[in-house]
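Since the structure comes first, as structure tokens, the remarks are kept for the end.
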Amino acid sequence: QAQETPTVFAAASLTNAFQDIGRLYKEKTGNDVAFSFAASSALARQLEAGAPAAIFASADAKWMDYTEAKDLTLKATRVTPIGNSLVLIMPADTAKAVTLDPNFDWLAFLGADGRIATGLTDSVPAGIYAKAALTSLGAWEKVRPRIVGAESARAALALVERGEAFAGIVYSTDAAIAKNVTVVATFPAGSHPSVEYPFEIVKGQDNTATRAFFNFLTGPEAKAVYAKYGFVVK
Amino acid sequence: MIEVAIRLARPGGFALDCDFTVPARGVTALFGRSGAGKTTIIQAVAGVVRPDAGRIVVAGEVFFDSARRIDVPIEARRVGYVFQDARLFPHLPVERNLRYGERRSRAVERPIGFEAVVALLGIGHLLARRPHTLSGGERQRVAIGRALLAQPRLLLMDEPLAALDEARRTEILPYLERLRDTMGLPILYVSHSLDEVLRLADTLVALREGRQVAAGPLAQVMSQPDMLPVLGRFDLGTLLDCEVVRHDADYALSTLAFAGGELRVPQVERAVGATVRARVRARDVAIALAKPESVSVSNLLPAMVEDVRAQEGPYADIALRVGEGRLAAMVTRESAERLGLRPGLTVWAMVKSVAVEGSRPEFRDAGPTAPR
Amino acid sequence: MDMLTPEEWTAVALSLRVAFWATFWSLPFAVLTAWVLARGRFPGRSLLDGLVYLPLVLPKVVVGYLLLLSLGGRGFIGQYLDAWFGIKLIFTTAGATVAAAVVSFPLTVNAIRLALEAVDRGLETAARTLGASRLDVFFSVTLPLMLPGILSGALLAIASALGEFGATITFVSNVEGQTRTIPLAIYSATHMPDGDAMALRLTLVSVVLALGSLLLASVVDRRIRVMIGRA
Amino acid sequence: MDMLTPEEWTAVALSLRVAFWATFWSLPFAVLTAWVLARGRFPGRSLLDGLVYLPLVLPKVVVGYLLLLSLGGRGFIGQYLDAWFGIKLIFTTAGATVAAAVVSFPLTVNAIRLALEAVDRGLETAARTLGASRLDVFFSVTLPLMLPGILSGALLAIASALGEFGATITFVSNVEGQTRTIPLAIYSATHMPDGDAMALRLTLVSVVLALGSLLLASVVDRRIRVMIGRA
Amino acid sequence: MIEVAIRLARPGGFALDCDFTVPARGVTALFGRSGAGKTTIIQAVAGVVRPDAGRIVVAGEVFFDSARRIDVPIEARRVGYVFQDARLFPHLPVERNLRYGERRSRAVERPIGFEAVVALLGIGHLLARRPHTLSGGERQRVAIGRALLAQPRLLLMDEPLAALDEARRTEILPYLERLRDTMGLPILYVSHSLDEVLRLADTLVALREGRQVAAGPLAQVMSQPDMLPVLGRFDLGTLLDCEVVRHDADYALSTLAFAGGELRVPQVERAVGATVRARVRARDVAIALAKPESVSVSNLLPAMVEDVRAQEGPYADIALRVGEGRLAAMVTRESAERLGLRPGLTVWAMVKSVAVEGSRPEFRDAGPTAPR
């Protein structure tokens, strides 16, 4: 069974979209796909340890570069069908519209002890992008003590939902599934490296079954699903 | 008074049902075979087990009363309990074991001194040791000391001396007697040694399969014929209440007067005029038809045969009247026939040895030896 | 039956299987290790002692990573497991079981060890004077007397296996029906828009399972105590 | 001193503080809970028993989330903690300590309970006949005799606090110098493609800390055992 | 032979140093005060403690030899050990406790039967019970049964009867005697009861503070004057090897002949001609200057005073020569003076009571070798 069914390694943030796509694929072709959703880093290391996955969908170009460099995934198959945008969110009841430019007074915005929740700024992709964006806006050093880094964008979202954090920096896809949260601004596209989700086929797994699903992932049905969950479809 | 009237059933069939009232002074011995319920009674008095129903009152204080729903907590009963197993605290050295109860007693009420107890029990050299390094007897001695130093109002002792050697036992017994006498500390005492019981006890409660067979003053219970199977025939004898008449320091002898005459006994540590109890075993009484001359036996008493009862085996029990008192004697059936013993015959009772309760001089000077 | 979706039932069943087998397989080793640590006198005992506690001290993600490095398909042990015995751990329920067992091991060993140390060695000596060899004594006296501790250790193992997340997802990934236990399903649920309800449901299931095993354990415990006369 | 970067040293110091205080504060409660569970006879005991084990059974992330719900600044308990006592747990070291304490609590309670159950109740009875009240007996007899178990429980608490990640990051997140303990630092490192060296260094530090506390514990243990005559 | 030559030092100052060889048949009693080292010796023989140095050999099998680095494991020694504390397995009911050792013995070598032991010890009604529900004496009886049923080659008993009542004790003692006699099961026996020791023991090892004071055949050790402080004066007496001369069924008496004459004693269950041991306590011997007529005392022996030694306290020890034999007597100093007892005086010894030990002719020849 494991041989027949390709296993797809996907970043946890792709959970919804890929499960929907897997269902569509099954309806269309009758074939199963298995998924494993975890942090891109964990998945990359599992590939390195010989995990027999067929496709790797990373939430982060760096980890795809890593597997490529280790000759684990096929560089030639790389596609980047979707991206994400970075947004500033606030609890719905305290939300106020802001304009993010280098003149924005973050400290006045945050008040005496307001905090910004995001992913871990050195390891969770959303956090890494948030740090880059704040740096390019010249606010990083000022804001840094106010940053709380969560274990995932979802956890950061929870802090904002609960009103524990004054604001949060997450993906627009995260914001879309949240309750009681308002997007108060979107970071300018130029303020951070573009958020990309590169997909590649794992070395030695380039068979017809894998190919079929890999192609389906970039097909029109899939793109409709990505759009539904708020991804930037390229 | 100490009133114990309790019922208690154990899973497995054992049921305790006893009801006795004994004086809250002196020593009350609980006597009975293994499994008779002695420990259970002691535990109920200490509050360690709760009877199904009944009443326990010690010196006017109600410890337990199922009808009135009274159950005084263990620690408020202030009973010193020497357990059948020593139960020393393994985490405390011997000295702190000894002091455990002492520290918890009221400072103004400490008639029992640490030094005295340590010296008595010969445990001075063990004070710094840990309980698990002690021998069986050493452990039991420390347990006795610990219970005494808690300055109890009532002492419960469950076979406290069984693990001790004769010499140590004979040192501790007089001390217990002194406690009993000078401090009026009542003692409930379990022992399998009839010697100990006869020596210490004022009152005897005999148990058999959870029921009390007899309860009352020692002498009275001892003379009940149905006690024979409980006590064993060889230890039968007569208890005599005597008065100290005079001391003879040269020979280390004392003279005691009882209803039937006088007895010369090893010196007793009592003032002239004091009352002591002497025990004469039936087998220590010989009978002569004429007054024997020049014999080493010092106590020759004119007597009259009251009753001769041949027993199975080689012996016959002879009941003698000596003055106003009585003495039991045991001789072989052959001797009884040879001498023609019959009721009404006038004879001489030769009393070879007399055990006097209260300190025995021959052990006094031995004193507690402090090894090393 | 309608309370949970089929995927959720799969996760629950998987969790139970993993918890059961992890406990089942680790217990004998835990007993052995506890015995060696409590009674053994050999050089390196302290080191073994330390090793046993490592999975507790390290972040579970690190434990998972170390498992990956050693037992993964290319790991220095894993490759031989595969080549010689055909045992594949990565992606498999067996692997999830190993992860759960490793993480709960220190807890189990500790519980058993405490129980073992409370066994009266005088009884063991008595058994030997009655002709029982050391091994015989262990099985006929020591083991029965430490049963409450073993049970307590097993309960800890089951509980921690039910809650294990970090090492599992790092070592064997998150594959439905193979390695997606309840905690991993909860994790996945939090990444879905409608996941909160699912996360809550699964959390409640965890609680029910825990209370259930606890109840079972306390019934067994009472029996054991009556049996060994420590009721 | 050059082995670690200043931030890493900060993480190490913080971990030690959190582990120490989490253990320090939870021990008395653990002893009390263990005593109640082992000796108490009251309705709801089984429920309490179950509650104590919950943090073990639930994924740590869920535990952290529950802490957030209850003890966060807007939590149903947390808001009063703040309003009445000015105690803020979220995003603070105090919060990290609470998370570590909660997660290690079942382990500590279990160890102490096993030790408590091994205490000979005959000795407690003996103490009471010597005039000690129940409370006095507890402190003068029961507690000293269960010291090995308490120590073992403390060791487990320290170890699991050193390794705690999921509940901490979910409850108090990662605030530099406040809540960034070693596991959080390691977690971050493992998620960076070039973080292996750092992860390895910090893992080694964890191991050293664990072995250190173990060594300390075994020295203390030996003393305790000699003291209570169970050497 | 049983050879025990060991040294062993305990932290806290106690040091054991003993060296004795006793026959591997019959009963060897270890006697000494609390803390003298009796349990330690038993433990060394069982293999429970390891001596610092020395040799332990039982019936030719080397159990321990520090020089040859031999240390046979406990379970291979096949000794039955009745511990001072009972040590029953709490997780097994009484019956399985009893069978524990039995099941581990070789089926072909089970001379000691389950039913017999259970009946003897009176524990039939306890078989299904758990040890923690037993009374102290019941526990000890089960422990004795368990050790016996392990079918040991050597029985080690550490105060096995201390927790038992007189009646139970008098039932168990003859059984132990039978084991000793019929099965040749050697027994190392610790007891504080001199009565028990005198009744059971063939050989006596007396200990004092870890050193052996004496070791050898019971009678020989008993007559050593330096044993007084160890044994206690009241139990001093004379052991007489006697031959059964005739039985008198009517009076249930037997007549024994010893070197000094004849003694009439309660009937002994031995054939005429058998050898038995009689013990006459010094305090049961009275002295008369002329032959007393018409007294109930049956045993009147012409004797000569050999020695008179006044002791502290009221008593004097009198050594008597009776025919070829000797008898010790104890009278008060006053009586000794009154009668003018002095060496050379011809007197009559009145022997009021004689205790006859069960006879063991088979051990007579195998005399224990004196130590050192």
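Quick notes
In this document, chain identifiers A, B, C, D and E correspond to the written order of the chains, with residue numbering beginning at 1 in each.
Simple rule for what comes next: a contact is a pair of C-beta atoms (placed from the backbone, for glycine too) under 8 Å apart; a residue touches a chain by one contact, two chains touch by 3 or more.
Quick caveat, the model's predicted, so the values are computed rather than measured.
Looking at chain C and chain D, the chains in contact with each of them are A. Fewest steps needed to get from chain D to chain E, stepping only to touching chains, is 2. With centres defined as mean CA coordinates, chain C is found 60 Å away from chain B. With each centre defined as the average position of its C-alpha atoms, the distance from chain A to chain E rounds to 91 Å.
If you average the Cα atoms of chain A and of chain C, the two centres end up 34 Å apart. With centres set at the average Cα position, the gap from chain B to chain D is 57 Å.
Each of residues 61, 65, 187, 190, 230 in chain C touches at least two other chains. Annotation for chain A: residues 45, 155 touch two or more other chains.
Counting partner chains per residue, chain E shows two or more touched chains at residues 85.
Screening every pair of chains for touch gives A-C, A-D, B-D, B-E, C-D, C-E.
Contact residues on chain E toward chain C in their complex (touch as defined above): 46-48, 73-75, 77-81, 83, 85, 87, 89-91, 100-101, 104-105, 130-132, 146-147, 150.
Within the complex, the chain A residues that touch chain D are 39, 41, 44-45, 62-63, 65-66, 115, 117, 120, 122-124, 144-145, 147-151, 155-156, 158-159, 162-164. For chain D in complex with chain C, the residues that touch the partner chain are 46, 49-50, 53-54, 56-62, 106-107, 110-111, 113-115, 117-118, 148-149, 152, 155-156, 159-160, 162-163, 165-166, 182-183, 186-187, 190, 199, 203, 206-207, 209-211, 214-215, 218, 230. On chain D, the positions that touch chain A within their shared complex are 61, 65, 68-69, 72-74, 90-91, 166, 169-170, 173-176, 184, 187-193, 195.
Taken together, the chain D residues at the contact with chain B in this complex read 122-123, 125-134, 136, 140-141, 144-145, 227-230.
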